[in-house]
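Every chain is named by a letter (A, B, C, D and E) in the order it is written, and numbering of its residues begins at 1.
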Amino acid sequence: MPRTLKRKSKKVGLAPGSLIYTGEKSTEKIRISIINYNEATLVEKELNNIEECYSYINSSTNTWINIEGLNDIKMIERLGLKFNIHPLVLEDILNTDQRPKMNDYDDYLYVVLRMLTYDPVERLISSEQISLILGHNYLISLQEKSGDLFEGVRERIRNGKGKIRKLGADYLAYALIDSVVDGYFTILEKIGELVEDIEDELITEPKPENLHTIHQLRREMILLRKSVWPLREVINMMEKEETSIIKKTINIYLRDVYEHTIQIIDTIESFRDMISGMLDTYLSSVSNKMNEVMKVLTIIATIFIPLTFIAGVWGMNFEHMPELKWPWIYPYGFWALMILIGGVMIMYFKRKHWL
Amino acid sequence: MPRTLKRKSKKVGLAPGSLIYTGEKSTEKIRISIINYNEATLVEKELNNIEECYSYINSSTNTWINIEGLNDIKMIERLGLKFNIHPLVLEDILNTDQRPKMNDYDDYLYVVLRMLTYDPVERLISSEQISLILGHNYLISLQEKSGDLFEGVRERIRNGKGKIRKLGADYLAYALIDSVVDGYFTILEKIGELVEDIEDELITEPKPENLHTIHQLRREMILLRKSVWPLREVINMMEKEETSIIKKTINIYLRDVYEHTIQIIDTIESFRDMISGMLDTYLSSVSNKMNEVMKVLTIIATIFIPLTFIAGVWGMNFEHMPELKWPWIYPYGFWALMILIGGVMIMYFKRKHWL
Amino acid sequence: MPRTLKRKSKKVGLAPGSLIYTGEKSTEKIRISIINYNEATLVEKELNNIEECYSYINSSTNTWINIEGLNDIKMIERLGLKFNIHPLVLEDILNTDQRPKMNDYDDYLYVVLRMLTYDPVERLISSEQISLILGHNYLISLQEKSGDLFEGVRERIRNGKGKIRKLGADYLAYALIDSVVDGYFTILEKIGELVEDIEDELITEPKPENLHTIHQLRREMILLRKSVWPLREVINMMEKEETSIIKKTINIYLRDVYEHTIQIIDTIESFRDMISGMLDTYLSSVSNKMNEVMKVLTIIATIFIPLTFIAGVWGMNFEHMPELKWPWIYPYGFWALMILIGGVMIMYFKRKHWL
Amino acid sequence: MPRTLKRKSKKVGLAPGSLIYTGEKSTEKIRISIINYNEATLVEKELNNIEECYSYINSSTNTWINIEGLNDIKMIERLGLKFNIHPLVLEDILNTDQRPKMNDYDDYLYVVLRMLTYDPVERLISSEQISLILGHNYLISLQEKSGDLFEGVRERIRNGKGKIRKLGADYLAYALIDSVVDGYFTILEKIGELVEDIEDELITEPKPENLHTIHQLRREMILLRKSVWPLREVINMMEKEETSIIKKTINIYLRDVYEHTIQIIDTIESFRDMISGMLDTYLSSVSNKMNEVMKVLTIIATIFIPLTFIAGVWGMNFEHMPELKWPWIYPYGFWALMILIGGVMIMYFKRKHWL
Amino acid sequence: MPRTLKRKSKKVGLAPGSLIYTGEKSTEKIRISIINYNEATLVEKELNNIEECYSYINSSTNTWINIEGLNDIKMIERLGLKFNIHPLVLEDILNTDQRPKMNDYDDYLYVVLRMLTYDPVERLISSEQISLILGHNYLISLQEKSGDLFEGVRERIRNGKGKIRKLGADYLAYALIDSVVDGYFTILEKIGELVEDIEDELITEPKPENLHTIHQLRREMILLRKSVWPLREVINMMEKEETSIIKKTINIYLRDVYEHTIQIIDTIESFRDMISGMLDTYLSSVSNKMNEVMKVLTIIATIFIPLTFIAGVWGMNFEHMPELKWPWIYPYGFWALMILIGGVMIMYFKRKHWL
């Protein structure tokens, strides 16, 4: 979270529309790839510079330009000029801490998504901004880093499976959003497993580390929620928007992914409930342990303190303590008394259900 | 909950409309049954394959096709083709983790319900998806497993009791939804009994197991709520929807079942309140017990520690301790002092209401 | 609460409109009374069977038929036939666990209220369903048991006080609702007294029983809220409804009782706040007591443990302990040391504000 | 709070519009004062009976009739007749537990406010109902007791300062409401001081009394909120209402006082947050104190219990304990062991940060 | 917070529109500066009195009058007369505790913002009211104190960078609001760092001071929220308002800053969640520490109390204790017993996972 803010504050005091990349700098090369397709033809290519793609764009094919890496601000600017993109959109693309949103600029839609991936080793979710610029016959997708969840979509374009080759760029945009949303399911599944593991641990043997994990899970739920809640609204807007870029035939698919986001939100809320239940379980497990410890102390102390007192009494050095001389007092008086007192106490504890 | 997600994530990366059954695989045979009826006639039959049912469908009778078991994807596909059902609907039927919803596809409505049944031995609620496809003169209901809550409805069709034979497929759909909602009442009753049992236990003798049961109840409340809340909206939409499939005469019945869902939601909220009150009761019962334990320790220790000190004093080996020689000191000095100190302390505790 | 559910589940699997009385069976005779009045005339009578009342109904007088006891299902059915009442309404009348609601059936309105009465001995609120069927010139009120809050209304009709004889059956319905709402105020007053009593007890001497009472109060608040919240909506609907049964002149009175329900809801919310504050007070009172107990233990133990150690030292049997022989050591050495150590500790505790 | 309810329940069972004063009875004389003014003229007078005021009312001047004390029901009835006021309004005037509201009776508006005053000695807020009847050229204000916050308004009328003499009775009503709202600020300021005082106390030395004060503050916040929330809505309605009684020129002033109520609500919410933070601070202060106490006990006991054991060992009376005879053992053996064990334990506690 | 109220209550009882400065009095001189610009020309000047600025205002240039310091009420009044500003606006300017708002006075808009600055030494946020009066070709900004966040905007005007010289006073107003919002990001970044620091501390070594810091952070979150929430609404109103003062071309920029406010609100909510998680962590860290302390006490006491009792037994002075004479009993009987008992207990604690 603070990372986001640090990046944002780099920009304080600059004019709106100033292009500064606020993400992590990397020396990785920018990857530009293009897929140009319609029902009949298919061209897939890696490009060296952005200008190569312009020739592909024409009204009879759909062009998907995918850019991974946002270090080259000049290139983004040239792209913006070519496709006539508003400077505020370019700023938002580079400012990689946007919340999901959709803006309608008449001849294109600008959509921001957050793609979440889960690192199973660090048990951390990392969040990456995906910007989509959707025109009538093209879709530009911009990612912060290489590596994405879109391989399945590319495969479907290559194979011509499903409707993807038959429909336009709007369906392609839907397919990408659907992949991102499917990614949320994958993460929720991983978190679900983690939740189950910890719940078992909490009952058998609670540890302070569990508390740490619970708080981390809570924070990841916040992150997920911050990605999904506005996305739900974005998809709803895409469905309702009066625009010719998204055709009516796509609505039924948008409705489907919209229902998926609701399902995710439902699951997040359930997990939040479960996680807060885990906190209760942890705290009361700890307090149960404590109570057990205290009970042992109390029982031992309560039994032996009076006994020790009696031993102390007969350890006194008064000259006139006649009982000290009775021959039977030690085995039959003292020890009998000890056993009596101890026994009465143990019975008392038993009746109180402390033992 | 995680089960749901595991099933969903099987589908990540596939094209929308790909048919994969995400429920539990079983080798059980699929049961297809048909009831074809109007006010005058009635045919009830078990079918071997789905194609047999097509001949029954005609505008003068209502046809209810009930399918139990979703393993045979091919059959679902053929059914989809015959009745002209959208691939996304077929996907949703097989994807048995939908939340209740209604989609209007002009010549049929697609309704998803969740049928809950309670296993009294395991004390667990199990949830099964019911899909309804409601056309003008037919209703197709699809269930994950054999066994349902619809026997009463079948009985009413056979006997011709009530209005069910006089009205159309829309009334039949209402009757099925009503049965599912009645099932929620049965579960709430069972949970209510469990709640009462535990409340009594919590007051008499709280155990760590109770905490476990409380959390389980809380989770079942979440499950119920996730089934009922959206169902309420579904029923409201069915009533309000501008469609010729649901006739206006049915609205009064839909209103009635709508009121039942509100009543269920009310009861769920009351139970949630009671369950969170039970958590408070448990925690303060435990802490009351702890306090009692601590008080006993304190009283015993506080009385005997000073007494032991005094016994220790007179157990010292100083040569010049003149009182050791006084003949009356042990019976009348020492023991009187002991009784005095003990008595004063007990009175102090009594005044403080610790005893 | 569970009682409600048990009754409901009797009906599971039956056709809608099946008449089964779900309330408590009683052998008490059903009381049917009629008051037929207009500004000039007044007839009040107890009837033996429901048919006797039909002759009174005519357009120039208002007829109030009051039925106490719902055991005779046949009679309810005949009543339904005579007044042309929908079977679902009859079902709701007998199904005495409805939440307050209003349904408009064009030539009559069906209103459900919950009348609450407080048993001061058991300190329990009992809830009874009142059904009103309001036609143009008649009002039928149906109660589960004999005994109600309507005596004041009857008195006003008999004396012709206020506007009740001058206005129609709609005003009579308003007057009954107003009586029920006034009953809520009476209950809130009783609960308010209970709350004040317990608050005083909690500060002076908290007991585990208080916790029980607090939870019971909380549950009664839930019951009240479940009766009042929907009633508020019902009254609002009655005011807004486009129906000729409720004349515009009545609106000002409905507005008045509507404001009363808001006032009740406000008070309930305040009580809820106070009750949850009481829980805090209880818990921190208990923990304060505990702290006091622990402090006493700590002080006594902390003072005497070192003293006992020193006495133990000089109780050792080493041959070469020269100080044992010093004649002044016991009175001036040992006791001075004891007083010094004790004094220092007490001063330390005083400075720490533990004493 | 319960006071309110007690008063309300006096009325249970009476016809609506029955006039019964539910406030505190007092033998104080009722004060009736009139201020008749326009830009040019000003008459201010104390009246003996309400009838004297009628002659002043005319269309060229504004007449403000202020009545302090509601004991004389007959007078209220005569007033009602003269100004043609609905019986339900008269009932509400006398029923001094209304929540703030506005009712539009076409030729006058009825507005209920709650005037809060703070008693600095008892540290209690007292609440008084102010009823305003606003006609085209007159304003009648009715108070429960003598003494109000309107002296500033009277002064402005006398001096002709500001716009008050130039504008109508609607502006006067605004001025009174503004005075009442300013009174809320005064109370919030006093509470703010109290909050600051207690916060300091909580950190330096928490006492059980603080808890009591915190709960009282919480209750006063509820009282304030119950007065301000509906008032905000009343002012909004006055601004939006389609009525000729409130001219459009007044709207800007109503908007101003509306913004003040929002500011008050904001402050109340902040205070509520602070007060609930104070509860946390109190509880954790108390638990910190407790922990400190327990630590001292633990340290003292843990150090001396083993030492006492060792002293006990060498206090045993076995004949064959050769070390008892070694001459150096007491000073160099026993005491060195004591210092060693004590030192090791203190170092252990230091390392654990318990000391 | 109380400061705000103290200032407000200075005004209680005055007529609306009375000008009284409620902020902190200071003897600092008021700074008036003017920037008059269009695309071609630029004049920047410090003025001695407000009248000097009037000559600059004309329809072909934009004039930005910035006033720092509000002590000179007369000057504010003259400014109000010159620009025809409503007295309530002047009152609000001087009443420096407004919440953010926008009022449309047809030929100018009045906007209130709260500029927050963070003092890194005191770790405190201070809040200053910024009033903007936006006319067709002028913008007047009024600040309580000298020093602001607008230097970047001035620089852009001087350099002619971005669109600021090309667009009107409405864009200038946007630029100032954007600077204020950017300031919120700076503060959130600082708070984010603080949150991270404290989280680390809480896990390694919780201190009571942390609790204090947590509560302070919570209060600062409240302050931020009170500044941002209404500002979001203000910006939305500016975008939606039907006014010629804000041109349609500015909307896209307002939308951008609107999205920033949503992002800030999101972050505030995340921080609130994290801070409340920190409270949990703190409390359970403290309780973990406590448990550790108690365990040590229990273990030491539980082991040594029985041992001390046995030593006490053999320290008794009975004449007939035959074992005292056995030569092997001390080394092989007593010590062996000690080691046995101690060992058994340690094993028991190990098995219970207390060691």
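General remarks:
The definition used in the following text is that a contact is a pair of C-beta atoms (placed from the backbone, for glycine too) under 8 Å apart; a residue touches a chain by one contact, two chains touch by 3 or more.
Because the structure is a prediction, the values reported are computed rather than measured.
At the interface between chain A and chain B, under half of the residue numbers appear on both sides, which makes the contact a different-residue one. Chain B and chain D have CA centres that are 43 Å apart. Chain geometry summary: the mean Cα position of chain A and that of chain E are 26 Å apart. Among the residues of chain A, those touching two or more other chains are numbered 294, 297, 301, 305, 308, 312, 315-317, 321.
From chain C, proceeding by way of chain D and on round the ring, the chains are encountered as C, D, E, A, B. Put simply, chain C touches chain D in their complex at residues 149, 151-152, 156, 161-164, 175, 178-179, 182-183, 185-186, 188-189, 192-193, 195-196, 203, 252-253, 255-256, 259, 262-263, 266-267, 270-271, 273-274, 277, 280-281, 284, 287-288, 291, 294-295, 297-298, 301-302, 305-306, 308-309, 312-313, 315-321, 352-354. Residue ranges on chain A touching chain E, taken from their complex, read 1-2, 4-6, 8-9, 11-18, 86, 88, 97-99, 101, 103, 205, 208, 211-212, 215, 218-219, 222, 226, 279, 282-283, 286, 289-290, 292-294, 296-297, 300-301, 304-305, 307-308, 311-312, 314-317, 321, 324-330, 334.
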